[in-house]
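Paired with chain B in one complex and with chain C in the other, chain A is shared by the two complexes that follow.
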Partner chain A sequence: MRHSRLWTWHILAGLVILVLLGLHMVIMHLDEVLPLAGLNPAGGEAIDWANVAARAKLGFFMASYIVLLGAALFHGLYGLNTIIGETNVGAGLKRFATACLMVMGVALFVVGTYAAIAARGLAMKG
Partner chain B sequence: MSESKTIHFRIRKFNPETDPAPSWKTFAVPFAKGMTVLDGLHWIKRNQDTGLAFRYSCRMGVCGSCGMLINGRPTLACNTQVAALKAAMVVVAPLPNFHTVRDLVPDLTPMFEKHQAIRPFILREDKGEMDAPTAEFYQTPHELEEYLQFSFCIRCGACMAACPTMATDRDYPGPMPLAQAYRYSADSRDGGFAERAKAVDRKSGVFSCHFGSECSAACPKGVDPAKAIQLMKRRLVFDYLRLFKAKKPCGGVHGQRTTGRREGIPEAPEYTIK
Partner chain C sequence: MSSKSYDNHLGIKGWALGGAWSPERYLYTLHRVTGLGILSYFLLHILVTTSRAFGPAQWNALLGDGGFLRHPVFVVGEFLVLAAFGFHAANGVRLILIELGFAVGRPIEPVYPYKTSLHASRFVTVVLMLAGAAFIVLGGLEFLRH
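Take a look at the complex of A and B:
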């Protein structure tokens, strides 16, 4: 497989993380200095349950959680796989580690996606 | 440092056929102004240890044969003056990241095999012109600049010895072959990028470079292999994203006028040999 494909997606995932994590930091920490009232309608801390539930109702946030999860998992696990690939362990062990990381990544993505969708469902019910 | 002084050479000795492990031996060598490390090794071989093995040829930093680890830095013995080291002791060992044939002689075979794998020559579709050239291909000074500095490589192995990725990953091609892959791919006369991509765009390939740049710091010829590797990465990524517009290899050769002379290029002088 051409490694440039994985490398390109690794870089693009890093950019996605930069943007979405930046958005997360802004919402969590700059709510008092920026006009973000629509994202924290209950007032108080951005992490208060009422504010979290209000944001979870928005389809954009559900989608951004899923995209951020996918990007973070791919970026992190690909990086970890690269580090393992540069160690002096045997080729068989490296292949096993790659397979484990892929299974782990897919499993975590499924669980996380379910959690994001379920959270929206709960928030919509009120 | 006065001329009457002596300088001490500490040399790693190892014969894999007889020695269980490498050992170190120290020699006192009379210092002379302008003396290189290679001169010192010759003096030791003539006067103190006739069995000392080291590789050399041109003695002027051109052939790349005398690459060795001198005071912790991979470089050429013929190109390193003892006075410039500013040390009382000259510590000499074979290049790291290679097996040792004997004493200061590294086995460079893996390096040359990896070099061969990236097809370090001009690749074109017009086999007829390749096999039996009728004249020279056109190339502008700008096109020459694209790869010129990478063509100064003398394959001494100093960059390979300095590379931290080479130390842990034996499948990694190394700075020299990767830089040469870019050198030929950046040549306007070449059309072999896709073929070379197969050799370097793989696991333990060009993307394993951490951009530590130790290779560029070590190069005795001032080549910047780290830059070539990053340019190769960029070209591969752009190629994947279809952002790289591959140019057709230049086709015009002097004399044939297959594509006509480009604007701004003066008429070639008459051949000196008819």
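Take a look at the complex of A and C:
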């Protein structure tokens, strides 16, 4: 039951990633083919600081980065945990790997969330 | 019961040596390989993009004009991540459709020549792979322009 619940979350997280990472890819890598008005307002590269700061000012981006971060960490680390579960290593090692992945996921979520919030604060000041 | 008790448990080797060499078998293996690639990049990406929290100087040192990560090797790597995402997303949609019972056809009597749900879903598979390929080509064109 627990595994089918986690599997359902894995699928739902995949759908969230499809939408938000798809948007991220369009903004970062398809900005000339599919220009989305106002998301690279300074012109030039999407990763130029002026564009990064302009997007950081928008509350939508801060929120979407945090949602994408959580969904992608869960989807990716659960997928990796599934792959480790299919290997021939011992059950104790698998449990240890699961615990490590959980700790890593939570730590990276905290770091990434801090960055999204702090970057918005910085952009609003500047 | 430990996992070692399964004599026919191939583990990771099963990705390449599991038999059933249908196109879907290769999609299965490629889905996992691209997933691991995207995850490796993503974990580093979180740490790299955290630099934006410390201001433009730190950001530009890594990602500004002439920044460390603007080296062509990293740009090529970034395109590979885009390509991996294009495939992984298209194949992921296929897997979700099949998981939810779409695109697998109605149950039929097993009459020779046998048809399986994989045959029924193959049209959707081709359409989704073409969509993924179109995304990769568009992304590739933009990488070449820069």
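Keep in mind that, in the parts below, the second predicted complex is superposed on the first by the 120 of 126 C-alpha atoms of A that agree within 3 Å, B and C clash if a C-alpha of one lies under 4 Å from a C-alpha of the other, contacts with A are read in each partner's own complex, and residues count from 1 in each chain.
The working rule: contacts are C-beta pairs under 8 Å (C-beta built on N, C-alpha and C of every residue); 3 or more make two chains touch, one makes a residue touch a chain.
Keep in mind that this is a model prediction, so the values were computed, not measured.
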Chain B or chain C, by number of chain A residues touched: C
First, second, both or neither for A:Ala115, with chain B first and chain C second: second
Which of chain B and chain C A:Gly22 touches, first, second, both or neither: second
First, second, both or neither for A:Glu86, with chain B first and chain C second: both
Which of chain B and chain C A:Ile11 touches, first, second, both or neither: both
First, second, both or neither for A:His3, with chain B first and chain C second: first
Which superposed partner A:Asp48 touches (first chain B, second chain C, both, neither): second
Contact residues common to both interfaces of chain A (with chain B and with chain C): 11, 86-88
Chain A - residues contacting chain B, complex: 1-5, 7-8, 11, 82, 85-88
Complex interface listing, chain C residues touching chain A: 2-4, 9, 11-12, 14, 32, 35-36, 38-39, 42-43, 46-47, 49-50, 52-53, 55-56, 59-60, 63-65, 78, 82, 85, 89, 92-93, 96, 99, 138-139, 141-143, 145-146
Contact set on chain B toward chain A in their complex: 165, 168-169, 197, 201-208, 233, 236-237, 239-241
Complex contact set, residues of chain A against chain C: 11, 14-15, 17-18, 21-22, 25, 29-34, 45, 47-49, 52-53, 56, 69, 72, 76-77, 79-80, 83, 86-91, 94, 104, 108, 111-112, 114-115, 118-119, 122
